[in-house]
Structures are given as structure tokens and as C-alpha cells.
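Following this line, the structures themselves.
Here subunit A shows up in two complexes: once beside subunit B, once beside subunit C.
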Partner chain A sequence: MKMVATKKMQGRGFGGGRLRKRDLIGWGLMLPSLLLFLFFVWWPLGSNIGLSFFSSVGFSANKFVGFANYATVFQDPIFLKALLNTLKYVGWSLLIGFVIPIFLGLLLSEVVHFKGFFRTVLYFPSMISGIAVVIMWSFLLDPNAGAPLNAIITALGGAPFRFLDDPNWVIPLIVITMTWRGAGGTMLVYLSALQTIDNSLYEEARIEGASFFQRIHYVTIPHIAPTIRSLLVLQIISVLQIFYEPLVMTSGGGPDGASESLMLLAYQYAFVKTGKASLSSATSVILSALTILLTIVYLTFVSKQKKKAPQDV
Partner chain B sequence: MWPESQQTKDLAMFDVWKDRFEAAYPQYDVKGAPYTYSVDTVNAKAQANKLPTIFQTWFTEPSMLVSNNYIKDITGPLTSLGWLDKMDSSMRSALTFDGKIYGVPRDGYGLGLVLNLSKLEFYGILSDVDGDGKVDLYDKNGKPLYPTTFEQLYEDSQIINEASDGVEKGFLVLSANKNGGWQFSNMAWNFGAELEKEGTDGKWVGTLNDSHAVEALKWVQKMAAEGLLLNNVTLDYSEWYSRLSSQVDMALVGNDVLSLAITNGGMDKDDLALVPMPKGPNGDQYSLFGGTPFVFAANASDDQVMGALRFLEFMGRSPETSDASKSAIVEGDQVAIQKGMPILPTIKAWSDASYLSMADGVENSYINVDMNYYNDFFNSIYTIRHSEVPYYAQDMYTILDGVLQEVLMNPDLADCQSLLTTANSTFNSQYMSKL
Partner chain C sequence: MFEKTRTYFLNIKKDFSKQQHEKKAEQKLETFSGKKDGILAWSDYRHPGAWVAYTIGIGILIIFVFLALAPIFWLFVSSFKSTSELYEIPYNFWPQSFSLTKIIEVWQYLDFGKYFLNSIVVAVGSVMAAVFFNGLLAYAVSVVKPRGYKVVYALVMLSFMIPTVANLVPLFKEISDFGLINSYLPLCLAAGANAFYFLLFKTYFDSLPQDLFEAARVDGAGDLRIFFSIIVPLSRPIIGVVSIFAMTAAWSDFLLPYLVLQDDGMQTIMVKIYSIQSTIATSTEFGPDRLLMLLCLSIIPQIIFFAFFQKQITATSTTSGIKE
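After this line comes the complex of A and B, so read on.
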């Protein structure tokens, strides 16, 4: 089936050595998108990579310096801190934010009554602006005695907790904020995957005497495993680019750099520290390299899934 | 400079000024181009040649704007208008690079200590001494009741902390977004520090770790260790008014932003006072002095620059004493009153005697606050004002933010000397060595 399709394609396209009217229409339809991509994505991307090899005046390239900007970035103590923090964000997000949507999806798939209501309620935080969410959580997590969460803690006899101002807690708390906002959306993806599972499999499992957890283990998980793998990689890529949460919640990566991320560092090189636009470019390229690496992993997963699923051919 | 569309009262006022200007100078056509300066947007706008002909920034910015070739040398037009010698000398030097002038000052500010009067009266630090129903800043002998030294500020903070059972604090220390370093530099000067100095070889170096700066940092450490500060480790200047209205009773604030306590913090203007910066242990007293200049896009033509400079007269922001200038100052105050803002004396950008006479005359008739709460500040500001450090001020502030955060996080363990030595080493190696 696949072979035949490929041969047909060869006969119609460039492989056949002729550019037909139909191909021209195809390219014509793609042209606006290609131009937009060229202008808004590839050109800035290329300029940024280029700038990372030059010293800069403002955002203009000045003198070619080779890999000197990369060397400077790697020698800056805050870079190592930001790199480690970024990996911590990823680690905590997997620990906190990865399992919760699966759990919510499973719960919701079992709900019989008011399913739409629960789906809306759980998805609601995803509809709130990200900035509004982090400002709201910053207010809740204020470290002083009269602030909302600390008021409860002190009323219960505890001492005010520093929350975001505690370097050991700041990253997990930011991840909780992200999870609170994002879990509903991810849950819907899992829910749709769960709804594709044939009910007869569960019925058969029940007849065989499988418990709830055994049904999850032997029926549900294997069927949603491709979705889990894909979302896992997407989540890692997304969290690698964490930026506005520490920018807003900890006034730019505080306390003392404990929540600094690579993306935030790139922003600070560009807009906060004097004359360091080239270092921002170098940091962005390093972050991109990490992200591309994980995207390749993701594409490999997708490719394998397509090969396994005959209906996709 | 040009108001945003939602600032309807200001916009209407600018439209009046525009009509007046175009009637007086028909060869010019004024087009409003609202732009609120920010470090995030200025690079993109400059690269795209989209900066307005004239825009406002802060005194900390022109060095970066000049080194990136984003703004224009306007020495020639200023000379031909006869404005150069009328400019406040301190502000003029902040806008001068290699002997060329790159902007026109709008006004200045100095840091002082803002007081929440009703709270300080509640805690017994201030009182109604003369029985006129208003809080007084002085005792019967004219001695200030408000803290005039950092030691008194510490003692008053102890009183507030004890009386409020730790819920309210006496003083606000900032520590993030460069604002901590910015305010700490003023505190350090008052403790006797220099922060930057010129060596015998003529080369400038950072001296963040001199003994006086360490003493200033130890004062912050003492305040934090005894629970006299808010628990926050990362606070910036956008929060002083909300904290002043609810959690702290004193903070370091510039006279130019006091209205935010009313418009954004919900405070009553009669609850506010601004007094001079507290003195350090050796009696040193400085007020960090900065302000707002107008600067001109590098790609603006000479005609555009001249037109924009002439328009400043119609905004009441030039040294000219014409009817148009006077009307604009009056209208500016009237609109401020309509917006519920306090009208205070301003730190003038021009030192010309006839201009000062005209501007002060108009201004005094609109002042709507009790000047007893502000006289000490405005009477002293011209003698105690201190410009920001000459080199890499913003970068120094960023580094000092980190030091302050470390002290606030671990007040019992932080080694102030060691932290400032490391900070100084970073500052010199990453920035000052490039001078």
C-alpha cells in the first residue's frame, strides 16, 4: 500500500522531472506561509545565531568574535545556576505536573453524572491569562503573616512560611502554579485518548476477574501509552523554556538566583544587563540546542507510533 | 511623552498645546506618538527607526542610549535657543557625554523618607503636639520627631514591631529589579561609602566592599535578623505604595512618585509626609538625585529636533517664561488636581532666575498639601543631592540586589564583608575593567 502511494507520488511530482500546473498551485498555496515563516521565524533565528558569534552594539553585530560569547556565558556563574535550575524545573514538573493530568483524566473518564461540569471546572484555570495566574499565586504566597495562606497557617498555630522567598521551595511552588493552570488542558488530551479505548476490553477484563487497578494496568495504560510518551516530551520541551513565571513571581529569578532559568537569563542579558545582547543570543542558541535535541526525541517517538499504527499510513 | 489614549484628561491638554503651537509655528505639524520608555522595547524601536522624535526616559539611561547610537546630540539646537546656561548644572552633567549634550531635563527627584502619618501617630512616634488636630513632625522645641538617623529608624522600627506584634513593620527594604541596589547605594553613601572611585592611575574601580558599605549592609542585616523588615526577599519599587498603605510605615521614595500612594495605594494625601534621608553614624547625609530627561531619536532631522524643542515651551518644560509656557504650567497643575493628585513643589530642570520666579509663583498657588510635612525635604535637597555612581550604575544595582537578597534570606548567617567582597570582584571584573 505504501509502496504504491510512493510510486504514484514520484510520477506526479519533482521526482518525475516535470513541474505540473497542479504542483504550481500547491506551491502557490504554500507561498504565503513560507514567506511568513521566512520573515518571522527563519530570518530572526538566523540573525540570532549570527549575532551569537559577534560582539554587539545594542542589538547590532559589531566584530566577529567566534565562540567567545559562548565561552563567556559558560564562565558566568549565573549560567550554571540557570542551567541547573532549568533542569530542576523539568524534574519537578515531571514529578508534580506529569501525573496529575493522567490521574484527573482517569477520574473524569469514570464519572457518570455531571461530566461536562467537572470537565469545565478542571479546564477553567487554563482559560485564565498566565500573567493573571502568577500574580494571583504571588499574592496567595506572600511570605508575611497577614497574607492569605500564611494567615491560615498562623491561625492554625504555625509560623509564617517564606514560600517563594525560600530558595529550596521556590521552584516546586512555581511548578505547582504552572500545574494548576495547565493540568486541565492536558487532562482533556488524556480524556480523549481514554475515550478511544474499546469498552469491550474492560468488560472482558471484568469477566476475567481483573480489579480496578489491574484494569488500569493491563488495559488503560497500554492504550494511552503513546499519548503519555508524546506529552512527556512536549512537557519537557515546554518547561525548558520557562520564563514569565519566575520573571513575575520572584522579581526576575530570585531569591538570589534560586529560580533563574535559561530563558530568563537570555532576557536579562538582552534587556537588563548593559551591552550583553550577544550573550543573550549565545544563551538562546544553547537553549535551542537542548530543545532541538529533545524535539528529535519527540519526533522519533511520533515516527515510531505512526509505523506501529496501520491506519495512519 | 505624548499621553496614551486612556489618559483622556492629559490627552485633551496636549491637544490644546498642539493647537497653540501649530498656530504659533505653522511650519510644524505635531503628531502625537505615545511611547512609555522601557528597556524591553527601546532596542527594537531604535533598530526599526520607530522611536518618536522626542521621548522621555530616566537619567540612568542616556549612557546606554548614547553608546548604542540611539539618541541624538542636541548641543547645537540648545545653544542656538540659548538654553544651555539655563539648565540645572547637575542634570546637565547627567546628559553630557564627551562634551556633547543628549537631552533636555524635564524635572528631578531626590530620595527621601516617606512617612505614613496616621500609623506613626498610632504607634506613638509622632503626635499632635500643638493640639490643632493634625499630626506634627516636630516637638515643642522644633526638634524632629521623625527618624533623622538610621539608628533612630531602627529604634522606631522596634517600637512598631513590638506594638503591632510583628504584623506591621517600620521600614521597607527593597531588593529586586535593581531597586534594592539603587536604594542601598544611597544608604551606603550615608554610612560613608563611595562605591566607585578614581584610582591614582586615573582608572575608576568599584569599592562596594569598603568598611562603610559593609556597615550599611550590617544595618540591613540587623533589621532583618530582629524581624523588623517584611519577610519578602524580593521586593521592588512597584510595591512601596501598597506596602505603605498596609504593612510598613516608612520607605525610601522619590518626591516624583508620591502621588502613587494616593492613586494606586489608596492613601489620603493628608496621611503622607516626605522627610530627608536619614543620616549615617558619622552624620553623612545624601539624597540620591535622578530624574526624567527628554531625549531625541538619532534619526530625527535637525528641523524635527528644533520643532520638538520649541514644543517644550508650550508644555511649560522649557526655560522660556512666555504666556504659552505659563499657561501650560497652570493647566498641568489643574489637570493634576482633577486627577486627585497632590501638588508638591518640583525640583526644577532650569536654574534661570526669571524662569524659577515664574514657575514657583504658579506652582505655589496650586500646592494642595501641608508644606510642614515637606519643607525639610525640599529645603535640603539641593544641598544633599548626590548623583548616581558614574559608571555601570544599573549593573551595580543588579549585583547589589543579589547581596541584599542573600542577607534577607539568611540574616543570622550572612557574612556581609564576604558578600560585598565577592560582589565587588564581580562588578570590577565584568564591568569596571572594561572602562
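After this line comes the complex of A and C, so read on.
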């Protein structure tokens, strides 16, 4: 203690501007990692924003054009489609994928038999790589009459379904695939939140004669509400960046752009429709702005949550 | 005449069945005696309605287990089919034969071991970079706290919001300017600049007792000494956690490897599978049945990995409450 105190005083005594030994060591330790962050995150982020205001030759900036790239992008019908679709992805994922993990978490926290088995198996799809999952599902969702899901539908007396070839169904079906893979992981987070609930609250509720649904309503839901809010925002953020699902499942946003997303479009502007690198930058800047907006919302929720219950998070 | 005896026996019988019934109910309750927490505690299971609800709950979980496993089971079974069997009408769930030669044939045709090896190289490199760089940074921010560490923390958290691949064009240009196309270096090092791993380390270091560091400092240990003699030995659990995450992420990673590894012989499994999938419509030699077999081969390491570490993996997600 004493030594720390004197060190601190020394630091101040030498005029404050002088570096302490600890500062030197600290920055020395941080430097290699900071260089990596600079290379992989900060520099690309900065130059991406820069490039979005320039015309491009290949992948390099050429002439300053102001907001012209943004104007071009907003006039491109495929961009508007991608923007709308990205919001559709988010909407469908909230509709399909949001409640299932909460429900499973609740069930699992109440179950006594085979709890470990259920937890492991339900988490299992989250372990498989995304690319493998979406290729597997494109096989299952094959529009051929002889493909597995259509075989089930025809066996039940239905007509073969077009699945991913149907522009109205392609987004919900991709969202089902994402939910299949992601629900288990989210379920575990809810499970951890449910386990932190103080049991005396339930006891009190029981003594007061609260029914099962009253207990959920007055004890469970209020307690996991911060987790629900946080995961809601996290889910929105991750779905906003949806990319390889449409790339693989609908060979790049088909049918006729019905599953095109912003991130996919940013990739296509850069690497498929060559010579549009600036448009790609503008698109990902718009996407990042959307994401940051939502992350700020998320972080305010998390800090509120910390104030309320410092033991979890 | 026997009226009395009869009622006597009947009463005994009634009592006995009643006792049996109660015993059964108690036995049933006993299964829940350990359940002292949660929305329904064991005492609630005296109520028969709770039993019905519980059974329905288990039933629903079984349905979800089926939904989780059926597609994977289908994949493994169907990968042994031939292409014509795949699209056969009427549909047959089982293939005509489970011939192991198909596995060997597909493996050899592609020289798949090469891609496996590439994936392993990237995964191991990523784990090393993820642990070393993020751990070091988290130690500096959490324990050493040099002047200005808050700015660093804020900047790192900023990158939490923006995934590496969001700034595709400049990142790709940078990597090619540095001559790192067809190199595993950028793929591994990218794991070293990961806000999620950083946060896992930082949360862990923050939870270590601060007195420990104070005591060590009183004893005259410097920050480097503290790092090697206190932090590193104490950090085994969190190093394990980050390694598991980094390993799975690297195995599954797609976009950056796809852009960087342009030379076919350098590609990782996932990149190779994607390039096969995207050309399968025009390919004459590599049919969908072989692609299915490839998918199986590519996820088997993940399944084995999961089987080994499932406790650690599910426990981390449960206790940390942080989601990737």
C-alpha cells in the first residue's frame, strides 16, 4: 500500500507530465495488441468512412465527391431492396427467433429430469459452423419434389413447396435456419439469468398464494427483463449484419433480390460488381451507423442493468 | 355371516391401495425434493395440475431435441446416398448401403486432408493470437492501468459494435498492400484484435482479488513479475474458455479466409466447401451427394470437439452471460 502511495506521489511530484514506470510498462504491454486493433479495426473503419466520400479506382480513393456515393446508393433500386430486406430479416427474426430461447430457458430451468442432456443437445446446433449449417438447410429446403421436406409435405397430402425460390417465403425460411442454429446459445444466457433469481422471492410468492402464471408475471419476468432487453438489441445487431446465409442459400440474394441484405450488397459492390468499391464503403458506413445507434441503446441498457443488480451481467 | 370379515378385508385392501398410492405420490415428490428453487418448487408437485404441466413441458423439450438433432441425423444418413437416391420419388430415408468406400473416395478425390490441415493451422494460430494479444491488453487495462487506459478501453469497445468484416474494402486493400494475400498470418492475427475475447479476459481479471496485486506490489514485485507469477497461473480457466471460443470461431470462419486465401491449396475446409457448393450446379464431376459427405467430414471435428469440451462450453455461456 505504502509503496503504491509513494509511487503515485512521485508521479505527481515530478510535475504530472512525466511518465511513471508503470505507464511505460502498461503501454509496452498494450502496444502489440493495439497495433492489431489498429490494423484490423480502427484503420479500416476510418479509411472506409473516408472512401465513402471519394470516387474509387480499384480499391483506392480517387477524387473527393462529397455525398455523391450516398446519393447513388440511395437511387440504386437494389440498395433500397436490400435495406428493406435487412429490416425484414430483423422483423422476422424477432417474430420467430426471439421468444423461443426465452421459452426454452424457462422450461429448462424448471426441468429436473435429464436437465444436462436437454441443455447439451439443444445447444449442439450452435457449435456447427454457419456455412455447414446453411448448406445443410439448403438441401433440406430443396424445391425438388424428392427433397426431404417436400417429401414430408407431399406425404401429408400437400403440394411441393418452392421454399427458397418463393420471394415471400425466402426471408422467413432463412430466419428459421438462423434460429435453428442460434436459439440454443441464447437459451443458455437466459438460463444463467434465471439461475440468479433470488429464491426467497419465489417462496414469498408461494406463501402469498400466487399461481404459476402470477409467479412468472411478478417474479420471473421482471427479473430477467434486463437480459431480455439486452439480448433483444444484440439479436437486432447481429441480424442487421446478415451476410453468408443469403450468399450461400440463395446464391447471392435471389430470387430476384428478394433475400438481398445490406452486408451482402456491400460485399457484392466490392467483389462481384467490380469498380464500385466506394459504393460498398457507403453501404457499410450506413450499416455501421445503424448498428452503432442500436449498440448505444444496448449499452445504456447494460449500464442500467449493472446499477440495478451488480452481481450479474 | 362373513359380512364382517369381508368388510374387514375390503378395508385392509382399501387402506393398502391408499397407502400404495400415497407412497407412489411421495416417491414422485421425492424426485423433486432437490428442487427448492424456481417457479415451481417441490411442494407444488403435490398438486396434480403441476404434474400435467411438467409432463407437457418435458414433451415440448423432447420435440425441440428432435428438431435440433433430426437435420444432423438426416445429413449423416443421407451422405451415404447417391445423387439419384437423393432425389428419388417416393422418398426413402435410408440409403441403399452405408458403404465406407464413399468416405474414402470423396476424401481422396479432393485430397481433403490438405484442407483439414490448413484449417487446423489457422485454428491453432488463432487460438495463440487470441489468448496472447487479448490477454495482454486486458491485463494492462484491468490491472496495470497506465495513464490513458480508459481511452483504449473505449476504443476497443467501439470495435465490439463493428465486426472486422464490415469494412471489407479497406481491410482487404490493407492486407494485399502488406503482401499478405494467401497467408495465414492475417487470419490468425485477426483473432488477436477481438473485443469479445478482450472483454472475457478483462471481466475475469477484474474479478480477481485486488489485494493480491497490492500485496505483491508491497513485496516489491513489478507489473511484469505480477503478470507471470500471479496472473498467468490464475488464468488457466479463462485461457481455456477463450481458446475454445477462438478454436470454434476459426474453424467456422468464412468471409475473411475466403477473400484472403485465393490459392486453392491454401484454403480452409469451410472456404473449400463454399467454393464447391457455389459451382455445384455446373460441375459434372462433383455431385450433391459428395457435397453432403464433405459436409459431414467438415463437422465431425466440431462434434468431437464439442463432445470433449461440452461441459466447459455450456458452463461458460451460462456463467459469463456474455454472448458472442
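Convention: the second predicted complex is superposed on the first by the 289 of 313 C-alpha atoms of A that agree within 3 Å, B and C clash if a C-alpha of one lies under 4 Å from a C-alpha of the other, contacts with A are read in each partner's own complex, and residues count from 1 in each chain.
Methods note: a contact is a pair of C-beta atoms (placed from the backbone, for glycine too) under 8 Å apart; a residue touches a chain by one contact, two chains touch by 3 or more.
On a predicted model such as this, the values are computed, not experimentally measured, just so you know.
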Could you check whether subunit B and subunit C clash or fit when both are placed on subunit A?
clash
Of the two partner chains, subunit B (first) and subunit C (second), which one does A:G91 touch, if any: first, second, both, or neither?
neither
According to the stated criteria, A:Y123 is in contact with first (subunit B), second (subunit C), both, or neither; which is it?
second
Which partner does A:P167 contact after superposing on A: first (subunit B), second (subunit C), both, neither?
first
According to the stated criteria, A:V57 is in contact with first (subunit B), second (subunit C), both, or neither; which is it?
first
Identify the partner contact of A:P226: answer first if only subunit B is touched, second if only subunit C is, both if each is, neither if none is.
neither
Once the shared chain is lined up, is A:S251 touching subunit B (first), subunit C (second), both, or neither of them?
both
Under the stated touch criterion, which partner chain does A:N144 make contact with: subunit B (first), subunit C (second), both, or neither?
both
In this superposition, the partner of subunit A with more touched residues, subunit B or subunit C, is C
Is A:K273 contacted by the first partner subunit B, the second partner subunit C, both or neither?
first
In the superposed model, where does subunit B crash into subunit C, at 146-154, 236-244, 290-298 or 416-424?
236-244
Based on the A-chain superposition described above, do subunit B and subunit C contact any of the same residues on subunit A, and if so which?
59-60, 144-146, 251, 270-271, 277
Residues on subunit B engaged by subunit A in the complex (per definition of touch):
39-40, 43-44, 46-47, 64, 67-70, 166-167, 175-178, 230-236, 246-247, 392, 394-395, 398, 401-402, 405-406, 408-409, 431
Which stretch or stretches of subunit A touch subunit B in the complex?
57-60, 142-146, 160, 162, 164-165, 167, 250-252, 254-257, 270-275, 277
Considering only the defined contacts, which subunit C positions touch subunit A in the complex?
31-32, 34-41, 43-44, 50, 53-54, 57-58, 60-61, 64-65, 67-69, 71-72, 74-75, 78, 86-91, 129, 133-134, 136-137, 139-141, 144-149, 152, 155-156, 159-174, 176, 189-190, 192-193, 214, 217-218, 220, 222-224, 227, 248, 251-252, 254-255, 259, 270, 273-274, 277-278, 288, 291-292, 295, 298-299, 302-303, 305-306, 310, 313-314, 317-324
The answer for subunit A against subunit C in the complex is residues 1-4, 19-27, 29-30, 32-34, 36-37, 39-45, 47-48, 51, 59-60, 104, 106-113, 118-125, 127-132, 135-137, 139-140, 144-148, 151, 155, 180, 184-186, 188-189, 191-195, 197, 199, 202-203, 206, 212, 215-216, 219-220, 227, 231, 234, 237, 241, 243-244, 248, 251, 263, 266-267, 270-271, 277, 280-281, 284, 287-288, 291-292, 295, 312-313
